[in-house]
Each structure stands twice: as C-alpha cells, then as structure tokens.
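Okay, got some structures for you below.
Two complexes follow with chain A in common, the first pairing it with chain B and the second with chain C.
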Partner chain A sequence: MTVQLQPPFRYVGHKRRVREDRRFVAGGGHYAADLVLPGMLHCAPVQSEHPCARIVAIDASAALALPGVHAVLTGAELAAATEPLMNGANTPLVVRYPLAVGQVRYAGEWVAMVVAESRAIAEDARELVRVEYETLPFVLDGEAAMAPGAPLVHPPHGSNVLLDRHFVWGPVAEQFAAAPRKLSYRVRWGRSSTVPLETFAVTARWEPTDAVLDVWASIQMPKFPDQIARSLRLPGNAVRVHYDVDVGGSYGVKRGIKHAVLVGHLARALNRPVRLVEDRLENMTGGDMQGPERVFDVELAFDDSGRVQAMKMRALDNVGAYAGRSPFQLGKPIGAIVGPYAIAAVEYHALAVASNKTPQEAVRGFGQAPTNYALETGIDKVAAVLGLDRLEVRRRNFIRADQFPYLIPSGTTYDSGNYHGLLDKTVAVADLFAERDALRAQGLLAGVGIASCLEPSGGNSSFEPLLNPANRTTTWMESCRIHVDGLGGITAAMHTTTSGQAHETLVSVAVAEVLEIPPERIRVIRPDSLASLPSNSPVGSRMAIMLGGAAVRAAQKLRHQLMQIAAHDLGVPLLHLRYSEGDIHAPDGRKLSWLELVLIAHREYFRLPEGMEPGLSASSIYMVPTGGQLPLDDKVQMYPCHSFEFHYVLLAMDPVLCRPEIRRYIIGHDCGQVISPDVVKGMTLGGIAHGIGAALLEEFSVDAQTGQPTAASFMDYLLPSAHEVPRVEIVHQVTRSPLTVFGQKGSGESGYLGSPAAIAGAVNDALAPRGVRVDQLPMRPALLSDLVAEGTSA
Partner chain B sequence: MAQALAWMAADPDARLLAGGQTLMPMLAMRLVRPSKLIDIARIPGLDRLEIAADRVELGATLRQVAVERSAALAEAVPLLAKAIRFVGHPPTRRRGTVGGSLANADPAAELALVAVTLGAELLLHDGSAVAAVDFFLAPMTTALPEGAMLTGLRIARQSAPRRGTGFREVAMRAGDYALASAACEVTLDAAGRCASLRLGIGGATPVPTLLPLAALLGTSLTEAKPAIAAALAPLEMMSDGNAGAAYRRRAAQALAEQVLADALAEAMRCN
Partner chain C sequence: MQLTLHVNGADHAIDVDDRTSLLDALRDTLGLKGTHAGCEHGVCGTCTVLLNGEPVRSCLMLAAQAEGEVVTTIEGVTPAPGELSVVQDSFVETHGMQCGYCTPGMVLTAHALLRANPAPSRAEIVEAISGNLCRCTGYGQIVEAIELAAQRLARSNTP
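Coming up: the complex of A and B.
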C-alpha cells in the first residue's frame, strides 16, 4: 500500500514552467528524422493500389537498375527472415509481416520497400517496381464483413471476426423484465485518429562486431525492444532502442513496430544504417495509424424518474486488415462501462471485425471516448423520452460521493469521485440554456451539450487476459532511477520514450518534492533500453501515477539512505533526525549538509554505516497501485484511478449552412491532486480540440466502390485549426485518489473522452426544434443541412 | 518577361511559377512533372498595384498580402478587401499571388469570384484583355491561350455614392476551399432603389458565376429571394466528399441572400 504524501506541497501543484517547453519552442528538440549517420540509406515503400489482391509477381529489375538503388525488399524475402509481428488477439492464423506476403489486404499496404542513397532516388525507383496483381473481392464495412459469404480478409482464419466476447455482469435479464421503460438506439463513431505533426520515423544501425542493433524511432510502444528482437530472431540484449529521441506527437498511434522490424532487418542485411521517414501520404494510407470505427447498439432499462437500471451494449469495431493490439480497445472501456452512473447490471458484447481497410491502432483513451459517446447519447435519450432536464437525469444516476470506493458490475472499483459537486460547480459558471435561447431568437439553430464521463488512468493490461485468456500479461510496471553524483548533482532516469507529455517536468517535480530540492536542479534523462530498468510506456493515462509513483519511491529510498548515513555519522537515532532541503539536522543543533552527505557517500567510506554500498543511488520499479490479478468470473479490476470530467457546451449554426460553431466551452475537470497545472491544462485543451475534430470534421473516408482512401492528406483529413477551437473555460475540483503517491489521477486523455459526446449532444439539442436527430460522427455541415432540409434523422 | 515567354515557347512542358501555393504541393506529391519551372516572381513591374481615378490594376505577381494591406485599394474596391481575408491563411497570402490564383482557376477561388462579380478584365502579356466572365471555362481551365502569360487584373472603379458590398462563404474550416461563396456589389439611387446590382456565386458552381438579376433593378431589394432562386435554378452545382449538389444549392441561395442584405445595409448607411 502506498503511503500518500499530504499537502501542503512545496512543488507539486504549483504553477511552474514546463521544462520541456523551452527546448521545443526554441527548436532544440532531437527527433528521429534529425539523426544523420554516415552511409545512411533511405527507404520508400511500394504501396498496394488495391484493397484486396493476390500478388502474382513483383519485378524490381528496372528499379534495381537505377543508379543509387541498393535493394528492393519483398514480403516473401522478409517473411523468410523474420517472425510475424505480435498479435494480441487469439487468432494464430491472422499472420502479419511488415510487408504483404502473397496477398494485399488494404489499399496502401506495403508491398515492397525500396532502399537507395537518397529518399528522392528511392521515390523514383519505386515507380519502376512492377507489381502484377490479381484483384479479389473486398469488404470495407464492419457489419458487411460479418455477413455470411463476405470476402474473407484472412481466409485461413475462416471468418472476419477476430474477437467475439460476450459478458453479462449482474441481473441484466431480470432488470430488463422488471423495468417500466426501455429504449434502444444505435450510434456510429467514424474512423478518425490522433494525427501527429511528425509522421513515423525510424533509423536502425547494425554493429556487426558488437552484434547489436541500434534503433532510433518515433515511438510510444509498449515492449518495443522485445518485439523487435523477437521478430528479428535476436536476443533481447541485441536490440538497443534509444529512448532519448523526442517524439513529435503520438497520443497512441506511434507504434511503428512494422517500420522498425523492417528497417532493422534491412540494416542487418545491407550492413548500412537505414532510415524510413514517412511522408504524409504514406503515413495516412500505409502507416497503420487510424483509430476505432464503431457501431454501438445499446438498450437501456430505466424507471419513470430516469434512473437507469441496466444496459445492454454491443460494440462492433471495424479494426481493418490485421489485428495487432487494436481489439483490446474494446476491452479497456469495460473498466468504466457504466461511466459515472450507478447502473447495476450490464451486458456487453465486444466484436472486432476485420475488413479491407488500414489496420487500426491505439488512439487516446484506447476505445473509451467512443464508448462514452454511446453511453452519453443514451442518457440524453432517457431525458428526452421522459421530458426531463438532462442535468437532472445525470444527477439522479450519478454515483454519490459517499459511495466510494465503488464497485461497478464489471469488476472495477472506482477509487474516488464527487460527480454531483463538479456538475454543480460547472453549471454555476453560466446559464448556457438562457444563452442558447437568445441565439435561437436570432434565428440560429443553437444547442447545449452535456457530457459527464470518466478517464480511467494508471493503465495496466487487465483487458488482455480478460479478452484473450491465453494471454496472461498483467504486469505493467514503470521505473525510475536516481543518482547523485560526486558533486551533489541529481540525475533521474526514466526508461521509455516521451511524446510531449512533459515527463521530465513530472519526474523533476516528484523527486524535488521528496528531496525538498528545486526541480530546476534535477536533471532527467532517458537512457537507451539496454541501460534501462523494466518499464512499459506512456500509454493508458498512466505516467503521472506510474512514473510519478516510481520517482517518489526512488526519491524516498534515496532520502532514507541519506538519513541512515547521517544517523551513523552523527551518532543519533534516525527517528530523531530532521531532513530539510537536503540537509539533515540533529536535535542538538549539529547538521550534515547535502554536500557533506555526498562527500561521505562518494569518498569517505569510513564514515558510512557498516555494509552500506558507497555512492548515492536508488531506484524503483513501480507496479500499478491495484496490482495485476487475472480475471475471475469474467470480471477484473481494470485501471486503478478514475478522473472525472463534466462538459458543458454551447453551439450554434446557421439553419441552412449548418456549420457548427462552438460559442462557449466550459469543462469541469477533476484529476485528483494536480502535479503540474500547465501540463494538465495543456492536455485538457488539446483533448477538447481532438474531440472537436472527431465530432465535427475528421474521418478517414474510403471510396465504397474502389476501396481507395479518400482522406490521405491534410487537404481531405480535416484537423480542427485554431479557428475551430474555442477558448475553453476550465473549472477545477480536486478529489484525491487514495491509491497514489500524491493523490493524483491521470489527465493524459482529459477533454477528449467527453468532448465528442458533448458536442454531439449540443448539435442534437440545436436540431431538436426541427425534429431531426443525428447519431453518427463526424457531424459535417452537409449531413446536418441535408437532414434539416429533408426533415429526417441519421 | 521576354525571356520567360521565350522559354515557354521553346518548351511546352515548362510551367510558370508565381507564388507556388498550389504548384509546390503538387510537385511534392509528384502530381505534376513539368520539364522546367519559370519563376516569374522577380519580373520587374509584374507586381504593380495601380490605383487610378477610374480603375485599379493589380499585377499578376502582386502578393495577396499586399492586396490585404492596402488601405487605398480597400477604399477603391471594398469588395476585394472583404474577399481577400478568405483566401487561405496569412502565411499562404504572403506568398500567394493575384495572378497565380486567377490562372489556377479553382472554382472556390475568392479572387476569381470578385473578378467575375465586378466585371473585371484579365490582362495578357500582349496587351490584350479578356473579360473575367469569359476567362474561367471550367474547374482549373481558363481561356488563357497556349504560351500566353497572365500579367494582371483590371477592375473599373464604381463611383456611385450609395454603394454597398458583401462577401461571405462557407467552408469546412476557416481558410479551406469554399463549399459555396457569394459576392455582391449594389448601388442605390437617391430614393433608395437599386441602381445597379452585381451578385456572383463561387465554390458551388464549376466556375464563378454572375447571377442574372436585372429584374431587381429599381426595386427596394427586400424581396430578392425568388429572383435569386430563379437565377440559381439552371446552374449546375458541384458535388464532392465534403458536400453534395443539394447542399451547395441551398448554401448558394442562403449566402446570396445574406451578401445582398449585407451590401444593402452598407449602401443604406451611405448618405
């Protein structure tokens, strides 16, 4: 059990400069594409032009004849030399290599990789690679892919269903039979993603004398070195991933395992450093970076007061051409399947279906935002059916503050929360309903959107064994090592990559709080994977909890070592000593300063306690606070901590043009004890911007006739710009988690988890006077305008 | 200028490069493969801005930002000042040119819509001129003859005291290509009735199109809706992944009504 540090805090929660900002703003970041190695070769992929086809022949002779071309690697050659990429689902016959082998399964899939002296030559050469295809029938829609007779994406698997899990938690049938009211509905979440400014980039170098593969990659991938080594049939200690590369944005998608395995193979085979930096078209079509695409069918059983007693939810996710980890995105939301509501019984049917689309990858929230959208839509519908206020229906269903810790039907215990308190505090900021009515009086369609949802945080892997019992992975650690040098300088190491989440700020503040030394004096480094302690990666809104926890634990061990040294040197029992800002004071007025303690540890061994190792160093490998048990009876404790956010949004649009404009965005946010206020604020604002994109603009559309991607650049994939993102008013509440070192919870997904639901609710409130509803995202102007004009719903 | 024309004549696969805001991305994506690029941005005088009593002339390589920042031009041709802020974003307007936008003939181009709406003329290197309504033939297709160079845009100044203009558009995001746009210039007589009216539609139609609204002359312009609908009825509306033809027709109607109302309100404020 973690001993929690209590406020008041010296550094935690104080507004301070985010230490990474200066580096990034001043152009001092070091990205994978900045690395230039002597003799480095460059790659350009040959991509499939068909969504489904047999590869009859590949003729690379003309490409190889071009001066400067070193190799054209095909899938058959690569498959012979490597093991398949990791597959999270229990589908051993769904085999995946970095390049297509024998058959292509989506338009944009890599068929061959050209390696040349320069990227330009590689691009010239790839146009000369002749691939002969025999086209095959394809399927793009998830429901169509499940239908009998649908073309099979992986014929050996025998079906397009990659995951089919059915859970019943609590007396669902009884509640539905007894409930006075029921409703059912369908919502669709369109295929969008996080779209980092930096595309995927990786450089690999093979050192034949040391037999080690060095990898510099733009990644946010759990167990990345292990996966590369396994695929390349190398010992784990023959892959050295350099975590000190800055990653130019990710929020889930920078997995890049196929890129790294391929480039690693090429570097060994050619004995030259090789790099692959995707351009935007390659990233969007063949980078495997698109997010969930879901159809939810939901039934709710509720009473006349609007209290929801039971829910049935079927989530069908079109995961694209290969499995990877994407089916697990149906699993993580099980840990907050009832949201902030006291729903006693739930039936959940999770279906991951393959199609001839780009494979799906992890996206911010790992499936939680779509699930929240489905649930919040239902709460709004309950209110509409009963003619009740949407705020009141939420109040009636919220878990009360005095009910925590609260066990939900699917086996997770929520750590803490005060949902009623934050709702009241947020709506007290403004009467958006009155502002809405004033806009309506001007002839606009105007609506108020509401969403209340959780951000499960402190990510573990409990969904893996829950969805796939053959997978017994439950340990998801994070680590920190602190070292004090001979001159008293403090260096703290974290052991994974960082993609803009301000982990250096986090570690320095956490260590500073324990050692009572200003964060500016603490250096934070990211050694390579061979010099690292076990770690996982910055996913699942976990680093404030996990890396913060590891940093505090390591700092506490170091502080204890200092106390032991002082107790011995001063001849005073440890309990009588007082630690203050690095110095240790005895009751009689004697003290040992920080520098004297360092001197003893590093140079004056005769003053150390007997048996103590010299030097000052401590480390912690921190496990998720609630541990990692295997599921029991289809139930499991998912993430430990549960942040809460309440969105309250005013939106208006012209009744013909129907281009939604957000007039006011108020969010109540509670992530427990805040560690770095500006970091949390940045996460929340960015998350809301991301949600605006998912709700109104972004979609990886595909032409239904040809299977070709139609949003393959920033011309057609519409990210919200500064014009579309409004000023956001943030209301703070602090409900501490009892499970973490400072009482903190996660905030890496904040804003995004509820904003699509809130904006969708606002659009529907705006459309309500016209008798029209939309239950699909994104809600684009033409869709809305056409529905208003026709008086129909979608 | 002569050198540029000679190079063009010698090589039919050469392309002129002005501000590069369309051509450079197309080159990066390998969508066009010219044999040569002829950079005309430094041809002396081609970036002129002349504001005379009866007309203004904008050189082909005049940067869009210069249009945006000229107070004298805004006073002479207020519709241009309203429209220019919808052209891309500040960074693209710093490089993008007047002539580049016109010669590219994107259906959504704001400058092309203003040119058609105001009855402007496009000037060619040989001293000839083509009326804007005759210049835009189809999306990305103009009447510019093979081997010719667009050198500028000439707009006659409207001298009526009671004048108003309006420009609006709807796009997926601010700065995106317009799904539909509308531009209007109206003048009123002493009695407040419509003395002249020019109202153009862009984005929705394959080329910017002036609506025939002569029936509204002499009226108070408060009942323009049916006339606009009738003028739009025969026009072909474009359709793409962002919006279908039905949306564009409704949007064109709504925007036309709105810019007319804007222009009328502005004209009524002049005394």
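Coming up: the complex of A and C.
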C-alpha cells in the first residue's frame, strides 16, 4: 500500500522550468534520425499498389544492378529468417511479418525493402523493382467485412472478425424493460491518428563478436526489446535498445516493431549498420500508425428526469489488415465505460474487424476518446428528447463526490472525483449560451458544446486477459534507480524512451521532494535496455503515477539508508533523528551533513552499520496500484486513477461555408495533485488540439473504388495550425487520488478525451435551428455546408 | 556539384548531388542536426531555416539555390555554447514545446517575426507561426513564449 506524501510540497506542484527544454530550443535533441554510424546503409520500401493482391513474382535484378545497392529483401526471405510479429488478440492464423508474404493486404503495405549506400540510391532502386501482382477482391468497410461472402483479409482465419466479445454487467434487460424512456442512435468515429511530425526512424547495428544488436529507434512501446529479440530469434540480452533517443512526438503510435525487426534483420544479414527513416508518404500509407475507425450503436434506458439507468453499446472497430495490439483499444474503455455517470447496468459488444486498410495502432487514450464521444452524444440526445438543459442532465447523472470510491458495473473502482464541483466552477467562467445567442442574432450558426469525461490513468494491461483469456498478463510496472556518487552527486535512471512528456523533469522533482534537495542538482539518465530495470513505457497516461511512484519509492529507500548510517554513526535511534535537506540531525544538536554521509557510505566502511553494503544506491520496481488480478466474471479493475475533464465550448460558423470556428474554449481539469504545472497545461492544450483535428479536419480517407489512400500527405490530411486552435481557458480543480505517492493522477491524454465530443456537440447545437444533425467525425466544412444546403442529416 | 554555403556566419565548401535539398545538405553534409525533416513537401515548417533572415522551408530548396545567400539554422542563434538567445530562453520559460521536434523551426520563425515586428499582436504571432505545425502543444505556450520574448527584447538592447 502506498504511503502518500502530503502537501505542502517543496517542489511538487510549483512552477519550474522543464529541464528537457534547454536542449530542444538549442537544436540539441537526440532524435533517431540524427545518428550517423560508419558504414551505415539506408532503406527505402517497395510498397503495394493494390489493397489486395497475390504476389506472383518479384524481380529485383534491375535494382540490384544499380551501383550502390546492397540488397533487396522480400517477405519470403524475411519470413524464413524471423518469427511473426506478436498478436494481441487470440488469432494465431492472422500472421504478420514486416514485409508482405505471398499476398498484400492494403495499399501501401511493404512488399520489399531496398538497401543502398544512400537513401537517394535506395529510392532510385525501388523504382526498378518489378512486382507482378494478381489482384484479388478487397473490402474496406468494417460492416461490409463482416457480411457473409465478404473477401477474407486472412483466409486461414476463416472470417474477418478478429475479436468478438460480449459483456453484460448488471441487470441490463430488467432496466430496459422497466425504463419509461429509451433511445437508440449510431455515431461514427473516423479514422485519424496523432501523426507526429517526426516519422518513424530506426537504426540497428549488429556486433558479431559480442553478438549483440544495438537499436536506436523512435519508439513508445511496452516490452519493445523482448519483441524484437523474439522475432529475430535472439536471446533477450542480445538486443540493446538505446533509450536515450528523444522521440519527436508519438502520442501512442510510435510502436515500430515491424520497422525494428526488419532493420535488425538487415543489420545482421548484411553486417552493416542499417537505417530506415520513413518519408511522410511512407509514414502515412505504410507506417501502420492510423487510429481507431469505429461505428457505435448505442441504446439508452432512462427516466423522465433524464437519469440514465442502463446502456447497450456495440462498438465495431475497423482495425485494418493486421491485428497487433489494436483490438485491445476496444478493451481499455471498459474501465470507464459509464464515464462520470452513475449508470447501473451496461451491455457492451466489442467487435474488431479486419479490412484491406492500413493496420490500426494505439492512439492517445487507447480507444477512450471515441467511446467518450459515443457516450456524450447520448447524454446530449437524452437532454434533447426531454427538452432539458444539457448541463442539468449531466448534473443529474454524475456520480456524487460522496460516493467515492465508486464501483462501476464493469468492475473498476473509480478512486476519487468531484464532478459537480468542477462543472459548476467551469460554467461560472462565462455564460456561453448567452454568447451563442448573440452570435445567432448576427446571423451565424452558433452552438455550445459540452463534454464531461474521465481520463483513466496509471496504465495496466487488465484489458489483455479480459479480452483474450489466453493472455494472463497482469504485471505492469515502472522502475527507477538512484545512485549517489562519491562526490555526493545524485543520478537517477529511468528505463524507457521519452517523447515529449518531460519525464526527466518528473523524476528530478519526485526525487527532490523526498530527498529535499533541489531538482536542478539531480541528473536524470536513460540507460540502454540491458542496463535497465523493467519498464512498460509511457503508455496509458501512467508516468506521473508510475514513474513518479518508482522515483519516490527509490528515494525513500535511499533516505532510509542515510538514516540507518546516521543512526549507527551517531549512536542515536533512527526514530530520534531528523532528516533535513540532505543532512541528518540528532536531538543533541550533532549532525551529519550530506557530504559526510556520502563519505561514510563510499570510503569509511568501518563507520557503516554491520551488514550494510557500501555506496549509496536504491531502486524501485513499482507495480501499478490496484493492479495484478485476473478478471473474474468478465469484470476487472482497469486503471487505478481517474482524472476528470469538463469541456465547455462556443463555436460559430458562417451559414454558407460552414467552416467551424471555435470562439471560446473553456476546460475544467482535475488530475489530482499536479506535479509539473507547465507540463500538465501543455498536455491539456495539446490534447485539445488533437481533438480539434479529429473532430473537424483529420481523416485517412480511402477511395472506395480502388482502395487507394486519398489522404497520404499533409496537403490532404489536414492538421490543425495555430489558426484552428483557439486560446484555451483552463479551470483547475484538485481532487487527490488516495492511491498514489503525491495524490496525482494522469494527464497525458487530457483534452483529447473530451474535445471531439464537445466540438461535435457544439456543431450540432449550431445546426439544430436548421434541423440538421451530424453524428460522424470528422465534421469537415464540405460535409457541413452540403448538409446545411440540403437540410439533411448525416 | 561543388558549391559554397554561407551558414551561421561561416563559408562551407561542399560537394553534393545536384538534387540535394538544402535540408539534406545541412543535416547530412554539414552535420547540423538541429534542422529536422517533417513532411518534406513544404507544409509543416519543421525544416524551417532563415535565408537572409526570412523563414524558408529547407526541404523545398535545393542546396544549390542557397549559394550566395545567408543561411541561419538553430545552431546559429545560440549566442555561445550552453547559452540561449532571448527567444530560446522564453520558449523554455513558458514550456513552449514538448517533444522538441518542431521547436527549432518555431524558434527561427519567432526570431524572424520579432526582428521585423518587435511588438506583435497575438493575431500577428498566430499568423507568423501558422506555417509551423506542432502536434504536441496546441500552440498556446508557444504564443506565450513569443509574447514573453517580445516583452523582454523591448526592455533590452540586444536582439
């Protein structure tokens, strides 16, 4: 059980510079593509032109004849030398290799990899690779892929359904039978992603004498070294992943297993360092980083006061051509399936369906943002049906502050919250409804959007055994090691990559708080995977809780060691000693300074307590609070902590062009005890910007006739610029978690989890006077203006 | 082809393929890794450098086109090793970044803006950085950084 540190804090929660920023503003970040190794070779993929086709023959002779070309690797050759990539779902016949084997399953899939002295030569050579295809029928739509007779993406699997799980939690049928009111609706979440500005990059080098593979990769991936080793048939300790690479944005998607396995294989086969850096086109089409694409069919049972008693939700996710971990994105939202609402019974049908589209990867929130959009749409519809205020309906359904800890039907206990309090504080900032009416009086289409949702945080893997009973993984840890050198300098190690979340700052502040030593005096390093303790990487909004927890635990152990040394040296019982800013004071006025304690630990063994090991170091491998149990009766405790956010948005559109313009964006945010205020603020603002993209602009569209991607560059996949993202007003509330070292919760996904729902609500409120309604994302201006002109809904 | 690039105050004689972009020449030939590739088709602004003080996309220019021009990269605005310009320091103060990948382009764009317009309005800042995409921050703390830099520069004698 975690013993929680209580405020006031010295460093936690105070405005403080983010230490990583100094190197970034100077252009001194260490990104994977910056690495130059002697003799390094470069890759360019040959990509499939067809969404589905049999590979009849590959003729690389002309490419190989080009000076500077070293190899053209095909899928058949790679498959003979490696194990398939890991499947998350229980689908052993859905086999995936980094290169297509025998058949291509989406336009853009890697068919062969050209390796040459330079990237330019590799690109020239790939134009010379002749691939003969026999095209096959394909299917793009998720529902069509489930229909009888649909082309099978993986014929040996026998179906396109990769995951089909049906849950009933609580008396759903009884509640629906008894409820005076019901409604049903469908919403669609379009295929978008986080699209980091840095594409995926990886370099691998094989050291034949040491028999070790060095990997520098732009990754955010749990158990990455294990997966590389397994696929390459290497022992785990023969893969050394360098975690001191700075990742140029990820937000979930930088998994990079296929990239690293392929480059690792090439580095061994060619005995040369090999690098693959995607260009943008390759990234958008074959980088396997697109997010969920979902159709939700939802039914709600509620009473005349707007209280929702039960929900039935079917979520159909089009996961694309291969599975990977993507079906689990239907599982994580189970931990907050009722959002902030006291809904007593839920039926949930999760379907992951394969299609001839780019495979899906984890995206910020791991499926939570689409689920929140579906749920919030329903709450708005309940209000509309009853003619009630949308704020009031939320107030009536919110779990009350005095009900925590609160067990939801699917088995998760919410740790803490004050939803009513934050709603009230947020709406007190402005009367957006009055501002909306003023805009309407000017002839604009104007609407207010509201969304209240949770950010499950702390991250564990409970959805894995819940969705796939063959998978019994429940351990989900994070680690920190602290070392004090002979001169008294403190170095703390974290054991994963970092992609902009200021983890080094987090560790320094957490250690500083315990040791009462300024964070600036603590160096934070990221050793390679062979020198690291176990980590599960910065996924699931977990690092403030988990890395923060590990850092505090390790620092507490170190502090205890110092106290033991002092107790022995001063001859005073430990409980009578007082630790202050690195020094230890005895009741009689004697003290041992930090440097004296370091001296004893490092040089004066005769002063150490009997049996104590010399030096000063401590480590913690911290298990996720409340985690570790297998599911029981289809229920499980998912993430431990639950941040809350309340979005309150004013949006206006010209009635002809229908280009949505966000006039005001107010967000109430509660992630418990804040550790680094500027970091939390940035996460929230950035998450809202992602949500604006998902709601209004971004979509990986595909031509229905040809299966070709039609949004493969930034000219047609539209990312929000500074013009599209408004100034955001943040309202703070702190409801501490009882489960964590400082009372903190996660904030890595904040903003994004509710902004698409809020913006969609605002658009629909704006369209309501025209009798138009849109229940699909993204709501691009062309769609909206057509609907308004025609007076129809979508 | 052989050409001379004037980068960060020094001439560099280089030998590159005719088709080499300025971005690749800076990164691969001169080893200036602070300039990053984002989209390589001129949309995202990640590769921004200053050409005679004006922000340009180094992915859309050939290295040969930069001969005879004054090129400034992020490495060229740092006053001395370990020190930061006022603009850079302001980005740190407001945490106007997260992953740091777009940051060199943003900082250079901000330098160019403040040189041309020492007291920009919020709208002028937004307009200036609208050609530089950032996926992390939602731009809020970047705008704050440039506002802060303008205030600081107004009180100082050195740009």
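By definition in this document, the second predicted complex is superposed on the first by the 794 of 794 C-alpha atoms of A that agree within 3 Å, B and C clash if a C-alpha of one lies under 4 Å from a C-alpha of the other, contacts with A are read in each partner's own complex, and residues count from 1 in each chain.
In the analysis below, a residue touches a chain if its C-beta (ideal position, glycine included) is under 8 Å from a C-beta of that chain, and two chains touch if they have at least 3 such contacts.
Keep in mind it's a predicted model, so treat the numbers as computed, not measured.
Novice: For chain A, which side has the bigger count of touched residues, chain B or chain C?
Specialist: Partner touching more chain A residues in the overlay: C.
Novice: A:H723 in the overlay: touching chain B, chain C, both, or neither? Say first, second, both or neither.
Specialist: A:H723 sits against chain B and chain C alike.
Novice: Go through the superposed model and pick first if A:R578 touches only chain B, second if only chain C, both, or neither.
Specialist: neither
Novice: Applying the touch criterion given at the start, work out whether A:V195 contacts chain B, chain C, both or neither, answering first, second, both or neither.
Specialist: Touch status of A:V195: second partner only.
Novice: Which partner does A:D786 contact after superposing on A: first (chain B), second (chain C), both, neither?
Specialist: First partner only.
Novice: For A:R472, is the partner it touches chain B (first), chain C (second), both, or none of the two (neither)?
Specialist: neither
Novice: Quick check for you: in the superposed arrangement, does A:S701 touch first (chain B), second (chain C), both or neither?
Specialist: The answer is first: A:S701 touches chain B but not chain C.
Novice: Need the overlap of the two footprints on chain A, from chain B and from chain C, as residue ranges.
Specialist: Touching chain B and chain C on chain A: residues 713, 721, 723.
Novice: So in the complex, the part of chain B that touches chain A is made up of which residues?
Specialist: Residues 29-30, 170, 172-176, 179, 241-244, 246-247, 250-251, 253-255.
Novice: For chain A, which residues are in contact with chain C within the complex?
Specialist: 17-18, 20-29, 31, 33-34, 36, 120, 194-199, 246-251, 277, 279-280, 499-502, 678-679, 681-683, 685-690, 713-715, 719, 721-723, 725, 727-728, 751
Novice: Going by the contact rule at the top, pick out the chain A residues touching chain B in the complex.
Specialist: For this pair, the touching residues of chain A are 123, 281, 654, 656-657, 659, 697, 701, 710-711, 713, 716, 718, 720-721, 723-724, 780-782, 785-786, 789.
Novice: Under the touch definition given earlier, write down the residues of chain C that touch chain A in their complex.
Specialist: 17, 19, 27, 31-41, 43-44, 46, 73-75, 78, 84, 88-89, 91-95, 97-104, 107, 122, 126-127, 129-143
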